[in-house]
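The two complexes that follow have chain A in common; it is paired with chain B in the first and with chain C in the second.
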Partner chain A sequence: MHAPALKPVLAIYTGLFLLFLYGPMLVLAILSFQTGPEGGPQFPIVEWSTYWYRDLAGLNPPSRIAPLPIESGLFRSLTLAFMTTLVSTTLGVMSAQAFRKKFAGSGIVFYLIVLGMMVPGVLVGLGTALLSNTFGVDRHWWSTAFVLHVVYTFPFAFLVMLAIFNRFDSSIEEAAWSLGVTPIRTFRKITFPLIFPGVLSAMLFCFTLSYDEFSRTLFTSGRDLTLPLAIYGTFSVEIHPNIFAFGVLTTLFSLCLLVVYAVLMTASVRRARQTALQEEA
Partner chain B sequence: MKTYDLELIGVGKTYETGAPAVSDFNLNVEKGEFIAFLGPSGCGKTTTLRMIAGFESITTGDIFIGGRRINDMPPERRPTSTIFQNYALFPHMSVRRNVGYGLDVKGVPKAERDRKVDRMLATLGLDDIADARPTRLSGGQRQRIALARGLVVEPEILLLDEPLGALDANLRRAIQAELKLLQVNLGITFIFVTHAQSEALTMSDRIVVMNNGRIEQVSTPRDLYTRPRTPFVANFIGRNTILPGTLAAVDGTLGRVTTTFGTFTGAIDSAAMGTGREAAVVVPAEAFTMEPSRGPAAGAGVPGGNALDARIESRSVVGPIVRFDLAVEGGQSVMLEGHRDRYGEDFAAGTPVRVTWDASKATVIPAAAH
Partner chain C sequence: MTVLTSGSALASAASAAPKPRRSLAAYWLIAPGVAWMVLFLLLPILMMVYVSFWTQTTFKVEPILTAKSWVAFFSSDTYVGALWTTIRIWLVVLTATLVVGYPAALFVGLMVRNKTTATALLVLCVIPFWTSFLIRVLAWRPMLGGQGAVNIILEKLHIISQPIEALLFTELSVVIGMTQIYCVFMVGPIAFMLGRIDPFVIEAAQDLGAGFWRIFRTIIFPMSLPGVVVGAIFVSVMVLGEFATAAALSGHKVNLIGNIIVTQVGSLKWAFAAVAGVVLTAVIAVIVAVLLRLVDLRQEL
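Take a look at the complex of A and B:
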């Protein structure tokens, strides 16, 4: 930076940014250790305890506070996110592969795909709900909501894979063909292992986007609620710190996913970097 | 009818944008020939190679390998292997696995595969690094692996796309020699794309010079050097002086060209041209001899023979060779080179000289391409 006066300004900005990013999470994490069952979701902390964590595990003696209705919601959300990840990533890889060559109408198809992540979720959700009513299709988290989750996350997977293929050296595939390897086998044995870090990124995107998707799911999941809907539902009654405890646990789960991703990614990137270094040498 | 190892008849490629990449490419290649495609970048040499390999579609014409038409055959079924400038090794496989992969896919039994791979690794001096990952190796080693991988599947034709372009000069020379030896020993046809003329001139049996998607000339390296047939080749290969004029007469194997500097003769392929059309005399730099001028420079040409009065513009010594740039009055420049012993210090810049040459070492070519 050539303007030294800018430095403290940027530092303050960054500090504020981090505060707004992590502040709410930190407050939730602190409040989750409030004592129970009489302690409420606000400061001051009456007494530190793990009561609400035990509450989630069903270890506390029965009290007037109903257990969080999230167990089945968690199962549904994980299943839905898993299915969405599989389908969207597969579609994303395949369509990005198709886009490696220009084809007639590729420009329009590109925007049609990307539209899925651009249009407001409320509109798509509402529209789908109306449409399914018109055609007499029952709405379920595993049918209508699942389709919308795919429509929403597929463009992300597609864009990630497009960027990956953009940097992919296709002479490696040509070398395989010229050795007599069929295109399909080349894709499985040569191309796929090399684009795998990208596939991993696409999967992570799809999973996290689907796992906490709200607006599309709200209109299309029908009677059975996914996790975000279930949590939202509890707000309308009364808030207890058990939601905060659950929030901490899901955040830890997400962190675990990220760690797995980072480990796999580091391994792949290290390999790629060695290739790059050799290329320069 | 004779069957060639590789035959291209009227092959052309036009991109979807309508721009022609290659037009009317005709070539017959004998079994075991080393052919170089030489030309500036963008001349269509790599596109032609990729059409032979099957990576690019063909717009017009036919390609035959061993008498079989392969226009619509996918690359994996063609009896060719391709070597790329960037090696294109499989980074997730060991060296041995890279080399053996083609045989593995073809379903060659393990024992036979191992034998062939081991022999190929030994031939290219890769035994020591057989179990390493290719990403850890040097450029020269990696290009050897690529060669081993391409050759072990026993292709009828090996296609090489600027394979030495990414290597430094010394390594390039070493691998050039190795490559030539390998090709002679294996007896496989090599098609070698390069933009470096020294590479083409030292290794190939015949050179295909390309420019703007067309073949300019197909010749042995020696002929290409001494007998250019087009202005492009005369400019691109070696150091030639081109004296433009009009073809005045053809006398057997010699053509007489009238220029603004005088009338000069050179060898001519009389079938190719008629008198009266624009032509040029091409003289290689080493075909000239020069003497210090007696008396003042005549200025205009010297009548009656292959001689020019000129003035030395610059002199540079490259090892035992001295290179001169000469200027003839009227703007024509002349490039001359000779041995240092012959052209000593008295041939300094500014000296007026008389340049002469043997008509049989000069070539008369048509002025415009085709």
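Take a look at the complex of A and C:
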């Protein structure tokens, strides 16, 4: 580029931009090591300690600060995310498979599916709550909230799988069909191993989105809170560094997921490549 | 990332090659997904529109049609005020994400010609998304408070002598928080579009004697416009549907339509909540439609 001063200026700017993105989390991580129970959620750090981490684990003697209600919420959120991942990824693979051929109405169906990730959570949440009220259906995290989690994450799985099928070489499948292999067997033995890296990505998307989702869950989970709802509940009251410690832990958990994903991905890409080579040989 | 996939999805939806066999199979494969979306996405939205015309009594709604809730909504200063606040915050945040994000996208998409470095930078931008959204919002409290990190740093640098109290629990803190959280949705699509500009086009312009601003005005910006529009759609939809950032960072001073819905549901005023929901849906629909008018996405992507 001609303007020679521009590139370093933009590089510095991008560095500052990243600081803007990461700064609050860094401050939060530092403050999570505040001493307790008298240390507040602000600077200065009175004394470095792991008090609030022990507080989360329930290791501290009872104090005036109520512990975060995260234990049962964690179980519910993980179960919900797991159920959502299974259903959304299955629906996503099926729908994307259907889209490999143009069919009448495919345009409308495409927008209908993508709408699921675009419509704000409050609106679908409200609508679903109204529906369940009218039909006398109880609202639970595993029923009404689960249904909406799928509405939200299924489009992501669908788009990921569309992108995968877009670059998919279907001549191998056609070879199998022409040899008389049933479509279902072809899918299981040939298509699925080849698209598995995509399926993994779709699952990662679905799991993390569902695990973190709360605006759809707010009106639809009934009495039992999921993890994000428990966090949301603390917004209205005074906050303590225990929520910062929790933030650090949940971030580490998500990063662990990312690492697991990376490992599985590398393995499956290698396997897919081998399958493809075998087919060619 | 999302844009990458949705971009290619648009392309594939448009160009899926027709194959002669198994014509009915596609419908069987798509049926469960479509049924799910109709039952749990379209039906709830329609229900919301329907209930907005129901009669609200103290603690419940009855299916007797009336426009009372609508009249109540538009004759109340609180609700109409919330509508304007929502639109104002949306405009400010949209502008802020564009202004803050564009230079970063310019660097990642255009200046970094090494694909690995560009991807690494984009991944760095996306990683914060693996942490909880609510935690990210909450993280702004110790940043912006009277004894917060920003004030401490500014005082240490002798830029200010007294902490700025206006940073937290104001409209400004909501805007700062939202800008940080949604900025990446602007950077990603723009960087993606900028990355597709052929470097030779820019070189040719330089050889013909065009300065940077001229190149930016006539080549770079127009070619990044689809990215800007996609980013603007993402940011708009998310900001308009927001309530948590306002709840966490404004100290109940900023009421968005989303906050109105949450409080109305909390006090079982279902019909009012539904009216607010329909109003919000309409606002979003209009804004997205206008944004889509700006460029022909199907063609550009």
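Throughout what follows, the second predicted complex is superposed on the first by the 264 of 281 C-alpha atoms of A that agree within 3 Å, B and C clash if a C-alpha of one lies under 4 Å from a C-alpha of the other, contacts with A are read in each partner's own complex, and residues count from 1 in each chain.
Throughout what follows, contacts are C-beta pairs under 8 Å (C-beta built on N, C-alpha and C of every residue); 3 or more make two chains touch, one makes a residue touch a chain.
Only a predicted model underlies this, so the values are computations on that prediction, with no experimental measurement involved.
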Query = Is A:Phe214 in contact with chain B, with chain C, with both, or with neither (first, second, both, neither)?
reply = second
Request  = Considering only touches as defined above, state whether A:Val199 meets chain B (first), chain C (second), both or neither.
outcome  = neither
Request  = Look at the residues of chain A and decide whether chain B or chain C touches more of them.
outcome  = C
Ask   = Between chain B (first) and chain C (second), which does A:Ile190 come into contact with in this model arrangement: first, second, both, or neither?
value = first
Task = Please indicate which partner A:Leu179 is in contact with in the superposed arrangement: first for chain B, second for chain C, both, or neither.
result = first
Ask   = Is A:Ser171 contacted by the first partner chain B, the second partner chain C, both or neither?
value = first
Query = Which holds for A:Leu68: it touches chain B only (first), chain C only (second), both, or neither?
reply = neither
Ask   = Who does A:Phe17 touch here: chain B (first), chain C (second), both, or neither?
value = second
Ask   = For chain A, which residues lie in the overlap of the chain B contacts and the chain C contacts?
value = 102, 177, 183
Note = Per the touch rule, the chain B residues reaching chain A in their complex are 16, 53-55, 74-78, 80-82, 84, 86, 88-92, 101-102, 105-106, 133, 135-139, 142, 146, 149-150, 153, 159
Note = In their shared complex, chain B is touched by residues of chain A numbered 102, 169, 171-172, 174-183, 185, 190, 193-194, 271-272, 274-275, 278-279, 281
Of all residues in chain C, those that touch chain A in their complex = 2, 4-6, 8-9, 11-13, 16-19, 21-23, 25-27, 29-30, 32-34, 36-38, 40-48, 51, 100-101, 103-104, 106-108, 110-111, 121, 124-125, 127-128, 130-136, 138-143, 145, 147-149, 152, 180, 183-184, 202, 206, 211-212, 215, 237-238, 240-244, 247-248, 258, 261-262, 265, 270, 273-274, 277, 280-281, 284, 288
Note = Touching chain C in the complex, chain A uses residues 1-3, 6-7, 10-11, 13-14, 17-18, 20-25, 27-28, 31, 41-43, 91-92, 94-95, 97-103, 106-107, 109-110, 112-116, 118-124, 126-131, 133-134, 147-148, 150-151, 154, 156, 158-160, 162-163, 165-166, 177, 183, 208, 212, 214-215, 218-219, 228, 231-232, 235-236, 239, 243-244, 246-247, 250-251, 254-255, 257-258
